[in-house]
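Next come two complexes built around chain A: one with chain B, the other with chain C.
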Partner chain A sequence: MNEKLPGYKGEALRILESLGAETGDFIRIEKEGRVYEGILMPRSELGDDKHIVIKIKSGYNIGVRITSDMKIEKKGSGAKPSFTPPPPPKQRPDLPRVVIISTGGTIASRVDYRTGAVRPAISASDLYSIVPELSDIALIDTEILFSAFSEDLTPKHWTKIAERVAEHIRRGAQGVVITHGTDTMGYTAAALSFALQNLPVPVVLVGAQRSEDRPSSDAAENLIGAVQCAANAPFAEVVVAMHQTISDEAIAIHRGTKVRKLHTSRRDAFKTVNAELFARILDKKIIMLTDDFNLRRNDRSLVLKSRFEEKVALIKFYPGMNPKIIDWHVEEGYKGIILEGTGLGHVRRECFSSIRKAIKNGVIVAMTSQCIWGRVNMNVYANGRELLSIGVIPLGDMLAETALVKLMWVLGQTENLEEARDLLTKNIAHEFSSRTVEPVEPPETVSV
Partner chain B sequence: MKINYEKLGLKVGLECHQQLNTKEKLFCSCKPELFKGEPKITFLRRLRPTQSELGQIDPAAYFEFKKGVKILYEADPQTSCLVEMDEEPPHDLNREALDITLTAALMMNAKPVDEVHVMRKVVIDGSNTTGFQRTCVVALGGEIQVDGKKIPIEHISLEEDAARKTGEDGFIVRYRIDRLCIPLIEVTTAPVIHSPKEAEKVALMIGRILRATGKVKRGLGTIRQDLNISIRGGALIEVKGVQELELISRVIELEVQRQLALIQISEELKARGVTENQIKDKMIDVTPIFKDTKCRVLRKAIKKKKHVMAIKLPGFSGLLGRELIPGLRLGTEMADRARFWGRVGGILHTDELPKYGVSREEMNRLMEILEAEPQDAVVIVADAKENCIDALRAITERAREAVKGVPEETRAANPDGTTRYMRPRPGAARMYPETDIPPIPITDEHIRRLRKNLPELPEQRIKRLIKEYGINKKLASQLQDSEYGDLFERIVKETSVSPTLVAATLTETFKSLKREGVNIEKLGDDQIIEIFKLISAGKTSKEALPEIVKWLSEHESANPIDAVEALGLSMLPKDKVQRIIREIISRNRELVVEKGGRAFGFLMGLIMKKYRGKVNAEEVSKMLREELSKISS
Partner chain C sequence: MNEKLPGYKGEALRILESLGAETGDFIRIEKEGRVYEGILMPRSELGDDKHIVIKIKSGYNIGVRITSDMKIEKKGSGAKPSFTPPPPPKQRPDLPRVVIISTGGTIASRVDYRTGAVRPAISASDLYSIVPELSDIALIDTEILFSAFSEDLTPKHWTKIAERVAEHIRRGAQGVVITHGTDTMGYTAAALSFALQNLPVPVVLVGAQRSEDRPSSDAAENLIGAVQCAANAPFAEVVVAMHQTISDEAIAIHRGTKVRKLHTSRRDAFKTVNAELFARILDKKIIMLTDDFNLRRNDRSLVLKSRFEEKVALIKFYPGMNPKIIDWHVEEGYKGIILEGTGLGHVRRECFSSIRKAIKNGVIVAMTSQCIWGRVNMNVYANGRELLSIGVIPLGDMLAETALVKLMWVLGQTENLEEARDLLTKNIAHEFSSRTVEPVEPPETVSV
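Our next item is the complex of A and B:
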């Protein structure tokens, strides 16, 4: 791909290259007795190679089809966008110091209305100029760690993030905010919950469900909430800060081990599962919704345990599942398997011998439920009891994704099976809760 | 006074918007309908002005945001889904809407683009939940003929309609999102229109062509015209939301008058030696002057611990009270600005004082404290201090503009043809691609297919209506200009009522009912057809029709037969009519004996007066003649 002609391929690319054109240039196309003039625009990845996209005078984009008899010329070079952000608001050294680590889910950005390109704004001064409210909350440092879609992140990235967070905390940050793509933010939150132990300050993951270039984006409100949390919250735990409802009103603070993305697109996609919501920010006030949390204490020293074993799988059982899937993982040298069973924690009997074989081979096999809500209980039905007798470890009300991350972490800490089993079932970061109560959710609608 | 618009350099461009009558909305599968009653879903949002690479932010939008304006959206699950709530990406562009737009474009000889690209046009007043309107240009460079003059059509676009504002309550603005995402065609003319009447004719012609597609919505609120109006020495003013065709020329006339008056004020100010620099933002808290005022508004404000603040406008005496157009003074324009920027209720100024309970003494004190001379004007506002400051700042800004001439503005049309300040004109169109929707190629084959099936043009149709149904030219043209052309043909095909009666009802009768305030829009096509079926079947009379329509407009979605029954407009059976006629004759026997057949007119009048709507006049006349002939013979 030609970087000066993003999205163009085949015939269109050849023609534009022969003109020496790049996006932003002023182009004139004449065909069938009509003249089209405008600024050359990038092409969508989904577009074919038969059209050239220009922005006409009114600001609209149109695609002009390439024909053999058309005349095309470059009339002028485009002015390069030069943006000088307005002077950042005065920084207040009396405010808590918060570090924002960016992993790819850009939280603030600018649109180049000339070419339609969206450019992330990540330097502290850029951020301040776009979300000026931040300067009243904290003194901010920024670090770009990765620029990745969250589905491209791996346990190695979790390790890296944990190390950078630890470093910033050691250097005196009063809180750390991590901007993250939302798709796998729950996994990273769980990973950091285990990797960063004895935290002295809050670590807040934050993302956006609407892209940041649009006026209705939830990014700024979420970011303001996250920074508020990092700067002032009374707790020292790993949490996720996102919209609590579809309104721009309350920001929900979820515990890192208990949070799951439960909707593809809504602003309130993230929900706390099998626990009460941890905290909420409303009208700039942080309201704790539980008494059971680790207090912020600056004199506590962080313990970093950032190794993860990648040979752990999460297998979702489905009717008729071929047990060979389990066998394959054992043959491939997997050390742990989290099963996402049905209901209270079941898989078909056909799988039993493969599971037995796996456990015999030293693979840790543990059970969660694909119901998402509720806890497994393998004593109720015969199949459950038999799985228990084979040696499958029931994981209570732990989320399947948290269980996967935890087993990766456990096997990253110890190779001793006995120790690993103990660690897996021990409540380390509130991943288990012993009571499930009827959730009291605020009403969906707002009244004013 | 006859104004020579050509000489004034009047230039008008039209943007005609019309809702399309599609099965679904533009980017989702919701019904394109409005809901009534209380919303089942509400949610609160803020829209944050995004910054462009050029660092531009719409100043008005940013101001609103900073003040903490929030938008309360109202929705109903019947007419909105997560897409309109901005909780789900848009679905594919509605192909039915695209085809209607392409058809209209071909009828205006415009060239469809080879590939349609949906854009995001940033609009952050809350009318779009996303903060932008999705819009795409579908065709370029067409033309229409109006009175032999070619009017170039610059763009034909397809866009989503905006949410409708339902109220404002302090810092909460309410919008209802049922209308959001209803497909809208936009036809933009070049600014080549040089008189108010011409603008109306152009709009009429565009409307005719759009209606000829047979796929546009009708009724109040489905058509909106934006007018770009300028005169030499004035400014480009965009007037938004003219809903009635008949209002277009009035709006333009008044806007020209307004600009001329503002130019004159500017000249007068200059003659008085007033410069922009003399107008200072020096605001003075004058609350103490009005401590014991008899002015109710001020007394109430002070009681609520609000402030009264004032500012001097040097050399403006007499000009604030000067009428620009009927009902609109320079003072009104300042009040509009003060309301917009300062959210105050209104202003008071010395050109209108002493009045409203403000005494001469208070006024003199005011002039004294502001160090104002007789040639100066003083404006006061009463509200929370920061609102007062914003309001007075907006007023001095408007005063400085008055020195310069006519300020560029976006104005909204009032139902009487006057306009009011809406917001400053937005900067350069800020559009960027809607990346959630892939580009849509328009193939030559597809265009060929649409071209083959183009609906007839308005003139062709008028000719056909005359020929096919035997109605006169006036009725045929009226039908074409009304929204009922298609319905007319359906009624004539489905009933045996005479085409002329149907046409006259749909045009003249409906028009006069509308003038009486009857809400014809409430009637659906099927109801109207049913009325004619009842007439056709002899179950009611054509004379009863206006009453039935009136009743139905007040009883939504009721059955026409219910109207007939409720109004007692059923036709009387023949034997009953016979009896009535005989009774009348016997009661007027003397007259009949005396005048014989010549008594017919009088008797006919008596019967119809009493039984109009319940009897068929032709039948009565026939029967009456028979009875009379029996007597005289």
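Our next item is the complex of A and C:
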């Protein structure tokens, strides 16, 4: 392994070493009458030893297969990034003050062509050089809090983020943007929705499905939308800002408790579930899609409730699921379990005695649906009714992911079981779409 | 508790007992100048003692609150069902022979007004009396296999269903319909897609979101569509037939490996994910929406591979998930684990050593995405690449639920790990939408 040629091995490594090349160099390959020119890219550790990968002018990477008659030469040394970042634009102190907190993820990363390493590009001047439009929208301050893949974030990170957001708001920020990996951005958005109460300004999570150095990137558009929102939106809630469609037309603003990543790669992967979309940015204008929101205020009297209990599990039910999985969590000292049941909120009868035991042991067990859309209603079928009588708490139309986060938060606020149950079923941050979590009578019964 | 008045207690029970009433009786209540008449219904065990529930003429249940000035009388004894089922229509032996196998669920259930019990109504004459149109479509034979809530079905039930379907087809059925609870119908559809190979005729799963005795029921329309499909469709595959929209216009025919219940209660809850819809029934016509399907044949040479390994788990990842959950499954002797990771197929690094240990112990670990739409691609980010190098198998655009069922099936077919891995990544029943499960090079790299 050559540190200057990460990922290269065998024949490919030998050829590149004989040229004295390193990643970031400008390379020219002639093969079968065609010429390929571009920046030498690092390989993944899984790559073979038969290709050399270069980034061609279009921005795409191509792997050139090594052949015996191929000609290769190094035409220039690690010249990228070829530009010196332009001097930061003049900041306008009349604009709203927005803080951008970086936690990592695709949106904050750029591949360093010299080393092949991914690094967060989040100093204010870096940001302005990538997205100069930002200087016309807000006076921006930046903080690198983490540089993590979002799947590695835990409830402890949520606490840290909430604390930093609160600190910046108390110091006068008129809006906060959090750049975040998209994988678990929905979970973090829910966490901040519960942890930051009585917010005076918007808190906007934003990510990118494709990194900034790829031609199809959504990073710049999303970031501009998020900063617009933080600087100027009339609401004071925790939201997620991402592409509304696969085009660059509109940015959707989702409420933090009702948003879910529903596609692995599309730019419009995030969707609001079981609620209307909260707002939209079109032609640089923020259009509210509901009247029912908390207004932006000038005071700084937010309430920070940032503790999360980590001994809470999300268990997705499937046919034949072993009830011992529930017992194991109880034995490990878990204090809460969110079941992701089938349909209106069911699991197999075989699980009932383990659930009963868990609840007798003081574990809070609550029900959501793996259907994603709709609401649980455990009064319709006998299995649902029996689960209710055992003490399972139905969570209406709350997303399973939001329910997990909320139960972690609830058990971080109180150790009193009755209080915890009350808090769990109370609408704190629009996690329930209607006020009634569950009709008391069966659904087609009208009380007269 | 009075067995003739299930669910009633306290004051409500006392009043009804004094009338000598039982559920199923015709009751008249006069209260505040209004009259309520209908069939006395049972209560759920969770009901209060302050309401009497009757089914009024419209089919809806109403709960009448007991007041001191209310007048109540019993006008007739358990008269419902008031009709004698009409004689079964004349069967037409020229029509295709279709077998309807009942496994339970809403579609097969009718509330017995006399007892309040839910019972399967699936003898051929019962069916014809409920849905007389069926006699014009097919010559129908019926079998009650189970009478279960679908969340209680396990892989053993899938085996049993597959065996019965095979038996009926070998005996000459020209199509098979399986009535099924909707909660886990997608899982069963996937199971039969793998277990029934080289099918000569269609196998159609059908359910209902609302039971047949409710005015908004989708049961009859769905059943008619399913029988049409079984009798006349040009394909020979395992499919699910359910409402395509919330209206009664069209029945959607979904491939068994690509279908998911995506709403708790809507009639159009089932959707095809990561593929085009397979077919549609509109105005009694079956419209194929793809050319790529297995044709119906006259031979009976199907292949039954109905064994499923139950020691396979589906683990949905969430932020902060305890890696010991994976260890526990290994210690319990699990042979396969489907991870439902985030985004393109990730879990936190903290889980890597447990996953490595599981794989070293001969457990097959494969990756799907909780995004539902899109495909996993573990070459893009370092965490994904490391999971690949540990030996986690990426499952492209396969649904997590289908992946679970497939791994259960694969490990029911072979104990050889290499064979199992091959089978898992091979396209058996259109569970992958394209032939390449995962590009070997990173996604924006083109090999030249």
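Definition applied: the second predicted complex is superposed on the first by the 340 of 448 C-alpha atoms of A that agree within 3 Å, B and C clash if a C-alpha of one lies under 4 Å from a C-alpha of the other, contacts with A are read in each partner's own complex, and residues count from 1 in each chain.
By our rule, a residue touches a chain if its C-beta (ideal position, glycine included) is under 8 Å from a C-beta of that chain, and two chains touch if they have at least 3 such contacts.
Quantities reported herein were computed from a predicted structural model and do not represent experimental measurements.
When the two structures are aligned on the shared chain, A:354 is found in touch with neither chain B nor chain C.
Shared-chain residue A:64: touches chain B and chain C both. By the document's definition of touching, neither partner reaches A:23: not chain B, not chain C.
Contact with neither chain B nor chain C is seen for A:179 once the two complexes are overlaid on the shared chain. In the superposition on chain A, contact is made by A:389 with chain C only, not with chain B. In the superposition on chain A, no contact is made by A:257 with either chain B or chain C. Legend: residue contacts after superposition of the two complexes on their common chain; A:322 is shown touching chain C, with no touch to chain B. When the two complexes are overlaid on their common chain A, residue A:102 makes contact with neither chain B nor chain C.
Residue contacts after overlaying the shared chain place A:245 against chain B, while chain C stays out of touching range.
Of the two partners chain B and chain C, it is C that touches the larger number of chain A residues.
Once the two complexes are overlaid on chain A, the chain A residues touched by chain B in the first and by chain C in the second are 34, 44, 46-47, 51, 53, 60-65, 214, 264-266, 444-448.
Remark: chain B residues 41-55, 70, 72, 82, 85-89, 111, 113-117, 119-122, 124, 129-132, 135-137, 140-141, 154-155, 157, 169, 172, 428-433, 435, 438-439, 441 touch chain A in the complex. Across the interface of their complex, chain A is touched by residues 31, 34, 36, 44-47, 51, 53, 60-65, 118, 149-156, 158, 181-184, 187-188, 214, 261-266, 269, 310, 313-322, 324-325, 328, 332, 340-350, 369-377, 379, 381-383, 385, 388-389, 401, 404, 441-442, 444-448 of chain C. Within the complex, the chain A residues that touch chain B are 34, 41, 44, 46-48, 50-51, 53, 55-56, 58-65, 81-86, 110-114, 116, 119, 129-130, 210, 213-217, 220-221, 245-249, 264-267, 444-448.
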